[in-house]
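Paired with chain B in one complex and with chain C in the other, chain A is shared by the two complexes that follow.
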Partner chain A sequence: MLRYLAGRAAVAFFTLLGVSLATFFLIRLIPGDPILLLMPAEREISEERYQQLIIQFGFDRPLWEQYFRYIAGLFSGDLGISAFTRQPVLSEFMSYFPATIELALTATCFGLLLGVPAGMIAALARGTAIDLGLMSAALVGFSMPVFWWGMILITFFSGYLGWTPVSGRISVLYFPTPTTGFMLADTLLGGDLRAFWSALNHLILPTVTLGIIPLAIFARQTRSAMAEVLNEDYVRTARAKGLSEFRVVVVHALRNALIPVTTVVGLTMGGLLAGAILTETVFAWPGIGTWIVKAILSRDYQVIQGGILLIALVLILVNFAVDVLYGVLDPRIRAGGAS
Partner chain B sequence: MTAKDTREPIVSSSGEPVALMQAGPLREFWLLFRKNLSAMVGLTILLVFLFVAVFADLIAPHSPIMQFRQHSLQPPVWQDGGSARFLLGTDAVGRDLLSRLMHGSRFSFYVGFCVLTLSLTLGVALGLVAGYFRGWLEEIIMRLSDILWSFPSLLLAFVVVAVLGPSLTNAMIAIALAYLPEFIRITRGQVLVVANRNYVIASRMAGAGPLRLMFTAILPNCLAPVIVHASLVFSSAILAAAGLSFLGLGAQPPAPEWGAMLAESREFILRAWWVVAFPGLAILIMVLAVNFIGDGLRDALDPRLSRA
Partner chain C sequence: MNLVRTFIAGALTSLISAGLQSTASAETLVVCTPRSVQNLNAAQQWVTPSVDVMNAMHNRLVEIERGGTKLVPGLATSWEISEDGLIYTFHLRKGVKWHSNPLFTPTRDFNADDVIFTIDRYRDPNHFFHGVGVGSQYFDYTKIDKNIVEMKKVDDYTLQITLAKPTAVFLEQMASESVSIQSAQYGEAMKDAGTPDQVDLQPIGTGPFRFVAFQKEVMTRFAKFDDYWAIKEGDASRGALVDDLVVVVTPDPTVRLAQVKAGECNILIDPSAADVLDLVSTPVEGLALATVPGTSTGLLYCPLLPFSDADQRVPMGDMKVRQAFAHAIDKQAIIEAVFGGATGTVATSFVPPPIPGFVELEPYSRDVEKAKQLLAEAGYPDGFTIELWLAPLNRSYMPNSQRAAELVQADLAEVGVKVNIIAMDMAELRQKRRDAKYAYMAFSGLNMDYPHANAAVDGMFSCGGWSTVCDEEIERLYQAGKVELDKEKSADIYAHLQKRFREVLPVLPLANPIEFQVVSSNVQNYKIHTLGGQAFWGVSIKP
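What follows is the complex of A and B.
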């Protein structure tokens, strides 16, 4: 187990090193004056100010020293300042991050709550029309362009039926105190049920939008894992013992089928982030996705640099946590080593 | 004419009786694939899309960038206010939606083929080298691939686009890089298995050099899972490129790329359903068709992977 963890940690470390190099060279690879790239607001500056900035950013130093300064800055939480809002990148990230996490969590729950039962039913009804229907639906979900799916949901539920709001996290009437950063939790803590309802209402469509691909993946994975497990000896034994069908399926089969499903939950994390960025854009959801896309389109390079590094850090940590979890869940994995 | 007597010796184009030739693996594959209804439906749809993409200039009723200003946001033909001149309606500046969709299919095939060619050739080559030579070379290739694999693919795309600027080519480079590690891993895994088979050893005994061994003895027997995976990469690449274009980081307007069309249609989402519905439907149908084919390929080529 220790060997396995060390291997995973090494990969995580080198990935982070790779990301930091990539973001470091990002600014230095772009043709043009780096000072003008980093400080687009300072268009016509005096020669004096220019030299001052060169020294401030350390462009007069050798490359390796610049890199170490950059890394040292990261450890003290200095990720630069947004050229447009003049806010430190780290604090901007912290203010947008909870919205994305909240959305990713609700979408994963949505996918699991519908996907696992759907896959289970399909596996139990293998070969029937129910199975075919569920699996065809899952393939449609898997092929879905999420940004379009979100727009279609808005057109129908917000436009045609008028049930849900079109964008944002909460109605402009409410200002919950940001204790956790999660709108659902904050409104509950504030004790205002109408505010909670408004937050929930805003969250539904983005959740269904982002959750569609995970839902499809979980359903497919649960079905194939269940189908395999249902043929195992221990399931036959459980049946032979005269256990109820419910007990056989849920306690004996599902528990073992869920191991590969957990793997897939971890693997969808990267995709979930990609989906979150698209979903946030459709619903004007104030998360890191809209933040980083805006930065790329407006060439706010300090935000791009710091933001990509922070997002990568989060994803690498999540992947590492998922790797550890597999090791705990499935002894075969830690025996198999890191490869 | 009566039913053909199948016992009659079939003759190939070169005149040799086919019975003497082996039932080729391709033919065997086709016989299996043909039985899969959803895969055949997918293949048919994809061929129709391909036809439209190739002949878009001839069959599209209008130019994809021609603006009929006096007809802007005209609904499809079957709705009140629609006309047969613009079958699927027009967008905000009066461009014919059907023509734009037809030309848009070119982008999807272009992206799919370019990304696939790039990541497949590079990935298979690296995987083959890693699996054949082993040792430090394998160690380096696999560690680099591990790092690329854990590097979130979308962030990779962002870095590439941020450095090189938003364009479809840059988006494709980024997507191809992101799919590289999967091809390396799959190929290497296969090579490790195949390299110890008797026919490879026999070929080595007969004096075949490394290149000959790699490309004629090993590679052809590694391809089944690679091909299955290729279909997934093809469809994912189309989705990813459409997504990047939707964010404004891929194909730029006025290109009739489906994702970019959706981005342009966002402000009309509650007023003109057709400018939103059709481009997305086109993406969905094409991706779905490729995924259907992918499932069929998996069932036909790799019985171990097929659904239980």
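What follows is the complex of A and C.
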């Protein structure tokens, strides 16, 4: 097991090194100069100020030297500071990331809670109108643009019915102390139940919007995996032994069907962590998607480099967690990995 | 089971009540705005809502009346100018308290040391705080830093500033948010603590609201400053009348409108032209449209550069070509298509109409034949090809640059000029503009930083300035206007300058925006302020 973990750590290290290298040089290939963007669009920067800032930001040094300074900083835990806000990249990341995790987790849970049962039902009712209806609904959910979904939900639930807030993480009336950064947890820790409900209420529409595509994916994946597993010999054996249909489906079939679903959950969760930009934009959700995109538009090199590296690290950890979960779900994989 | 039912019922009740409670309260003024503050250093701020935020927190020596263009006393209660226009003696307000924050508690009131600290930070390259942050472009282009040769503290509440040359707009320049007065004592404390950056990350000021929290792209939060000098002087209406001020960033205009309709915002900055037209034709109960003429000018920028290395002709170098463009481009069509016919007017001068000194001039008529004739006289009977570099601007002076580019392209095609639209993002555009070697066009705009026509000329249309056109007459008038202290003579100079500008056209003025904001009808005493940041002091919410 130790060898396995050491191997994974080595792969993670070289992956992160590759990410840092690619991000550092690719972002500099895109035309644009962060120093020019520090100044208003309507005025050109004076040459004197430009040269001063070039030196201040270290852009006068050769690229390789800039890269090695960046890597040296990484080893001492310094990801640099944003050219625009002057805040350390790590501290900025930590202020945005909990919002993204909170939303990605709730969206994944929403997708799992509805998608897996829907896939199961469709698999059990293969070829019937129920199967066709559920899978068609999943296809519709998968095909609709997230931006459009968000606007429709806002218009109907917030605008027309007035049930849910339009955007943000919590009503501006509440300003919970950011202990964990997770709004639900912070409001509960603050002991303010009304603030907690406000935060929960603000999560509903973004969760549904972001969770619709994962829901569709989970439903289709579960259906397909279940359909395959239900034809396996051990399922027939279980039935022949006289086990209840519930036990056959849930304990014997579903557990095995969940292995490929788990892979998809891991990949989807990774996608949600890094790619919830549209949902974040529609709901003015302060997550890392918005943060990174704004940094790219303003060529805030340190934020882009540090932010993408941290996202990569999180994705590596999520995938590692998925691998561990494989082992729990399927002892054969655990045994193989350990050997 | 009953317990579960009770819990669910309780949860639903709380959920619904929490939803209802999420509307803005009588004590919190919520402003929804499209763009985020970049950082909290006053001297680096340019566009709303950055300057709005600075206005809430800070004061200047001299300020601009809310919603107008007149100068009013700020931290200076009065001032005298020497006969030769070189020495300004400011009498500073007494009893002005600084905000405090978890890092710092001030032990003295505002005084002359703070003004000296603020200006020296950007004026003196050896000042400790000169290298903290990225400097001030405002000081760079107004050259205040070079123009101030001496600051003398006569006593704690009297400050003499000596200029290198008489400057007609010195007081106006000092009224900009970029010259918001910072605390010298806070600076010293943060320097001693080894955390000088904190003066910009957790700023303090003397303004009506104190800073509470900031998250870029999310919101900036303030609380009422109870010790604000205006309140203590008995002028409560100049202080904060709400407990909290929250500036929330919502990039999408449709979502912003939904927020104000749902009561999540009290004031919506920058509604889209389509939403403004909708609200005009179909008023929404509980919402009102506030409107004033804007103090900016949208324009087409055409620097004097050659076609290529092989063809060294400079197409825009001939005044006749610029005049031909002015005749060819249908500006009224741009107003109709880009500004919805309601959120902008045709610009005839580089000076926006509300600015003192603006002169109403005859706009260039749409005249294709005249344009062709001018092009032929300039040596381009068959026209030429030029690129139009396009990046999303999303400013009130150019709300839809893509549509405007298409109209310009079609209009110029009629006179034989082929325009290739090259789309890019702002970062690329800024770099291309800096590195440009060959002729191109781009949209841009002029924002007035202070209420004087000179604000549009400084560094823009003077020789060696941004427009790249160097006209002797414009330069002479600009130099004369800068030092003319007599108001009548100054107005005459700027009137002549605008007439000469109309003929020379260093840039092509297209439109002046009409600013709109959507305001909840329970918001009282709010006035749109187009020169610099919005002023949220004196604004209350009817319960």
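Keep in mind that, in the parts below, the second predicted complex is superposed on the first by the 262 of 339 C-alpha atoms of A that agree within 3 Å, B and C clash if a C-alpha of one lies under 4 Å from a C-alpha of the other, contacts with A are read in each partner's own complex, and residues count from 1 in each chain.
Note that contacts are C-beta pairs under 8 Å (C-beta built on N, C-alpha and C of every residue); 3 or more make two chains touch, one makes a residue touch a chain.
Keep in mind it's a predicted model, so treat the numbers as computed, not measured.
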| item | value |
| --- | --- |
| Partner chain in contact with A:55 - chain B first, chain C second, else both or neither | neither |
| Contacts of A:159 with chain B and chain C, given as first, second, both or neither | both |
| Partner chain in contact with A:15 - chain B first, chain C second, else both or neither | first |
| Which of chain B and chain C A:317 touches, first, second, both or neither | neither |
| Partner chain(s) touched by A:140 [first = chain B, second = chain C, both, neither] | first |
| Which superposed partner A:251 touches (first chain B, second chain C, both, neither) | neither |
| Partner chain(s) touched by A:328 [first = chain B, second = chain C, both, neither] | neither |
| First (chain B), second (chain C), both or neither touched by A:26 | first |
| Partner chain(s) touched by A:281 [first = chain B, second = chain C, both, neither] | both |
| Doubly contacted residues of chain A, that is, touched by chain B and again by chain C | 30, 151, 154-155, 158-159, 166, 281-282, 297 |
| Contact footprint of chain C on chain A as seen in their complex | 30-34, 36-46, 48-49, 52-53, 56, 83-87, 92, 95, 151, 154-155, 158-159, 162-168, 171-173, 175, 193-194, 197-198, 200-202, 281-284, 286, 290-291, 294, 297-299 |
| List of chain C residues in touch with chain A within their complex | 11, 14-19, 21-22, 24-25, 28, 30, 36, 38-39, 41, 44, 46-47, 131, 133-135, 137, 140-141, 197, 200-201, 212-213, 215-219, 221, 244, 246, 248-252, 254-255, 258-259, 261-262, 264, 393, 424-428, 430-434, 444-447, 459-460, 466 |
| Interface residues, chain B side, partner chain A - complex | 38, 142-143, 146-147, 150-155, 158-159, 161-163, 166, 235, 239-240, 242-243, 246-249, 259, 262, 265-266, 269-270, 273, 276-277, 279-281, 283-284, 287-288, 291-292, 295, 307-308 |
| Chain B contact footprint on chain A (complex, rising order) | 11-12, 14-15, 18-19, 22-23, 26, 29-30, 126, 136, 139-140, 142-149, 151-152, 154-155, 158-159, 166, 223-224, 227-228, 231, 270, 273-274, 277-278, 281-282, 292-293, 296-297, 301, 304, 308, 311-312, 315-316, 319, 339 |
